[in-house]
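This is the structure I want to talk about, given as structure tokens.
Each chain carries a letter (A, B, C and D) given by its place in the written order, and its residues are counted from 1.
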Amino acid sequence: MIANTLTVLLLLAGLVFFAAGTAGLLRFPDVYSRLHALTKADNVGLGLVVLGLMFQASGPADILKLLLIWLLVLAAGTTAAHMVAQRTWTHGEFESDR
Amino acid sequence: MNGLLVLFDLVLLAGIVGVAWRCLASTDLFRAVVLFITFGLLLALAWVRLEAPDIALAEAAIGAGITGALLLVTLERLRSIMAERRSGRPHTPPPDPTGPHALLRALHDPPPERRTFIPALSFALVVGGLLVTALWHQPHSTGLEPVVDAHMDISGVDHPITAVLLNFRAYDTFLELAIVLIALLGAWSLGRHDLIPARPAPGPILPGTLRLLVPVAIVTGVYVLWAGSHAPGGAFQAGAILGAAGILLVLARPRQLPMAPGVPLRLGLTAGVALFLLVGLYGLVAGHGFLGYADAWAYPLILLIEVAATLSIALALVALFVAGRPAGDDA
Amino acid sequence: MSVFYLAAALFLLGTILLGLVRVLRGPGSGDRMLAAQLFGTTGVTILLLLSLALEESALVDVALVFALLAVVAAVAFVRQHGLPEPPDTPTHRQHPESTESRESNDDR
Amino acid sequence: MTPANAEWLPAAIAGLVALSLVVAVLATAWPRQAHRVGLLGALAITAWVLGLSALFLNAGPDPEAAATRVALGGWEAPLGLMLHLDGLSMTLLVLTAVVGLATSLYSLGYVHDRIERRQFWPLWLWLWAGLNMLFLSGDAFNLYITLEVVSLSAVALVAFTGTAAAVSGAVRYLLVNILGSLSFLMGVVLLFGEHGVLDLLLLETRTEAGPTERMAAVLMTAGLMLKAALFPLHVWLAPAHGSAPAPVSAVLSGLVVTGSFYLILRLWMGVFAPLATPAFGILVGMLGVAALVWGSLQALRAGRLKSIVAYSTVAQFGYLLVAFPLMLVDPGAWRVVVFFAVVHALAKASVFLAAGTLQHAAGHDRLADLGDVLRARPRTVFALGLAGVSLMGLPFTGGFIAKYLLLEAGLGTVLAGSVIGVLWVLAIAGGGLLAAAYILRMVAPAFHRGHEDAGEAVSPWMDWVPLGLATVAALAGLAGTLTLNTLALTPGAP
């Protein structure tokens, strides 16, 4: 029962960050600020969801798998954000041409 | 629960159709590529909802790992051709009139015409409408599920899909492996590719991520291959994961990649079909029929074939990504 | 509980569809790439939720594969063989230290 | 009829599949020796097919007894896959072996570059293996996969010279093939969804004229018509052939297109048989007449040798469509149609091979400038003419027998009181005249006065193989009775 309540609360908190990430992606003015919106969803949003789901896991293997997924997404998000920022910085924020 | 599921499916369906339409109608190729990546993601969710986790797994590996990278790199090559055409001077290096370059030219000529869109849409609607009508009348058929279930105990594995793919209908699977190989032979016949020299990584983040991801990808690939005997997974999915890891290495090139040597590469690429065929021939000689196994030997033989097939598929995917045949192959 | 998971998954699917606006509008390719990256993360989360809602543990593996390969497209985006010369757009800036890496972009 | 023969038949069928695959895999893994592997493989496969046909014909005059099904891996349908051999598939296997052997020998001379050889042979051997498997397949999904093997290797072969024209033709061919395959696959999915089995014989017992079958029939037939370049879905054919290497054109026009037609015939004689109605037959027949006229006119207008031959394929396949309404009136006419397709494949392949020799010698295939080479190469011109005579249907050639039998069937429908039968008879007779016109266009410069210039030297293979194959095509009439008798060994068909 407590586990379920914790899961619900953590998931809801995670969803808030996903919503915020999407809102930021849509509303922020340029690439550099939109980066932040993305990384919040990656780091905290998925982190909270994973934490919430861990209470429902059937064993340590499942918990480790969930943790691994979070770590992988963290690494991917960080790398992607860094590289997109770098490319935009060196090559300009050009419109993609045909 | 059920109402919510239907709502989820409807939203997903609307998303898939909408994304596909915008992707086709997009005049901006980069936008079309990003939409296609999104399309792959939604499609994986659709496979989940169609209760086909095996295909969702394959779609995840192919869609996330390979298609996106392939399209983005192709787009970049197209751009350099277009830039060359606009400026009237040859891009460096001098474009090879044969080979992959010619393929890209052919893909770009003639430019897409917008007025073909309406006929195409009406054609799609007519065919789609007829299909829906035909599907509407279909009974709820269980297909071959009961027959497969009845034979599971002598199939050598515990996952029905693996049993069908590698035992009951192994011939089809063998030919699918062959098709991957033929596609690669076709790509190689177009021209040669010389590996690009390494270039310095921009900062420590990319090499660091690679150092983390590539080993994890190898472990995951082996895990998915092993899982195939009792759960969704198997050679195609594992091969796609390992192939994506290889593509990551080719893309990032932390250091000079060695030139692929001709003979071992060919042997690696054909290992899957060759081993499969050898096992099949043994079955023919031993009286189990072509591509048949003795019941007791089914599991080890299936595992052997899957390992070789994983290796071949991964190699073939990386080679397809690199596109031209490596210089070592002509030796 | 599974109704809750499903509702959460539906919500996340909604955010993907909403985020498509950024893909359609752009304006730059970086913006679109970022949106795709966010979709990948959201997709992983949806898969995790669905695996509980539908009681299909194999979906965690699908999520794992997505998470593992999420970075490939982004790497392809920045590491193509020959990036074109930066066009003369007003937003273009020159970083003082990046000249070296730009020169080596032509090494295809 | 010897029981021992019948016992060996299943092993021989599985062995043919295995042998074709071994040859293809070996050539892929060992490209340095691919041409040697290919030559030995071509001889072995041809010998095996001839042996198989001897076994098959010996199995007796009863179609039910002769037709053989092999359960792969020991799993019987519906669980497993079945290979299926009957008179129809046997005939096409022999045709494939003859054209395949000729193409292989020709390619020994044509593909001489070391690098090209390494690319060509594995793909060609996969294509051959794919065709053998296609003709032996008895399972709807397996048919789709074998079609893919055939299509993909054919596309790669069209592109393999790597020139811009070849690649552009190949891309078009690839898109057509993908569309055709997807359409076919959707049909397979519909049938499987309705009946829960994939085996063709099991499907045949379960299908009726319902909405699913209708939709599946439309999808599968349209997809195959696209692949077979049947009018009006033929637009990809000439660009793909115009730029492909000669042996590839020969195989495409002779075998690949015929393979798709074989599937249409197989499906409509089996699974979709309940759907065939006279009105449908007349529609298809009309398409055939249009194809005959349009293809012939294009062939008369084309300026390049290979384009003429490619358009003549569109025209000749019109006959196959014209024969459709005849089959509805006289069910036995299907054997004549298959015989016609066989003769056409032989003749068309030799015309393409001869055209390839001329193109190689002259360095181009513009008809207007080919006179010098034509005059200097009587052997090749003779091959061209001999195969052309068979295409026209002049007496005593294979083409004559085929067209005579078709005309006979057409007249039969007229006598049976069908007014529209007159149209079919006119089309069959008129098509021959049109064919004569465009074939004379090809060989006529050889009889004009003018310079003689043999052009580039060609290897003996390229000189003699077209002539040999053309002779086979012309003499195929002698094997007419044998072919028709073999075809009669198809159970379930009249």
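In this text, a residue touches a chain if its C-beta (ideal position, glycine included) is under 8 Å from a C-beta of that chain, and two chains touch if they have at least 3 such contacts.
Bear in mind the structure is a predicted one, so any value in this text is a computation, not a measurement.
Visitor: Going by the average position of its CA atoms, which chain sits the greatest distance from chain A?
Guide: Farthest chain from chain A, going by C-alpha centroids: D.
Visitor: When you take the mean of every protein CA atom shown, which chain's own CA mean is nearest to it?
Guide: B
Visitor: Please tell me the distance, in whole Å, between the geometric centres of chain A and chain C computed from their C-alpha atoms.
Guide: Centre separation, chain A to chain C: 11 Å.
Visitor: So, what's the distance in Å between the C-alpha centres of chain C and chain B?
Guide: Chain centroid spacing, chain B to chain C, equals 19 Å.
Visitor: Between chain C and chain D, what distance separates the C-alpha centroids? Give it in angstrom.
Guide: Taking the mean C-alpha position of each chain, the two centres sit 48 Å apart.
Visitor: Taking each chain's centre as the mean of its CA atoms, how far is chain B from chain D in angstrom?
Guide: Whole-Å distance between the two chain centres: 31.
Visitor: For chain C, jot down the residues that touch at least 2 other chains.
Guide: 26, 29, 32-33, 35, 40, 64, 68, 70-71, 75, 77, 79, 83, 98, 101
Visitor: Quick check: what residues of chain A touch more than one other chain, meaning two or more?
Guide: Residues 68, 72, 75-76, 79, 83, 86, 96-97 of chain A touch two or more partner chains.
Visitor: If you go through all the chains, which pairs of them touch?
Guide: So, checking each combination of chains, I get A-B, A-C, B-C, B-D as the touching pairs.
Visitor: So in the complex, the part of chain B that touches chain A is made up of which residues?
Guide: Per the touch definition, chain B meets chain A at residues 27-31, 79, 82, 202-203, 205-206, 209, 212-213, 216.
Visitor: Show me the residue ranges of chain A that touch chain C in the complex, using the header's touch definition.
Guide: Listed in rising order, the residues of chain A that touch chain C are 4, 7-8, 11, 14-15, 18-19, 21-22, 25-26, 31, 34-35, 37-38, 41-42, 45-46, 49-50, 53, 56, 62, 65-66, 68-70, 72-73, 75-77, 79-81, 83-97.
Visitor: Going by the contact rule set out above, which residues of chain C touch chain A in the complex?
Guide: 1, 4-5, 8, 11-12, 15, 18-19, 21-22, 26-35, 37-38, 40-42, 44-45, 48-49, 52, 57, 60, 63-64, 67-68, 70-71, 74-75, 77-79, 83, 86-87, 89, 91-95, 98, 101-102
Visitor: In their complex, what parts of chain D are in touch with chain B?
Guide: Contacts found on chain D: 11, 14-15, 17-18, 21-22, 24-25, 28-31, 70-75, 78-81, 115, 118-120, 122-123, 126, 133, 141-142, 145-146, 148-149, 152-153, 155-157, 159-164, 167-168, 170-171, 186, 190, 192-198, 210-212, 214-216, 218.
Visitor: Give every residue of chain A touching chain B within the complex, in rising order.
Guide: 68, 72, 75-76, 78-79, 82-83, 86, 96-98
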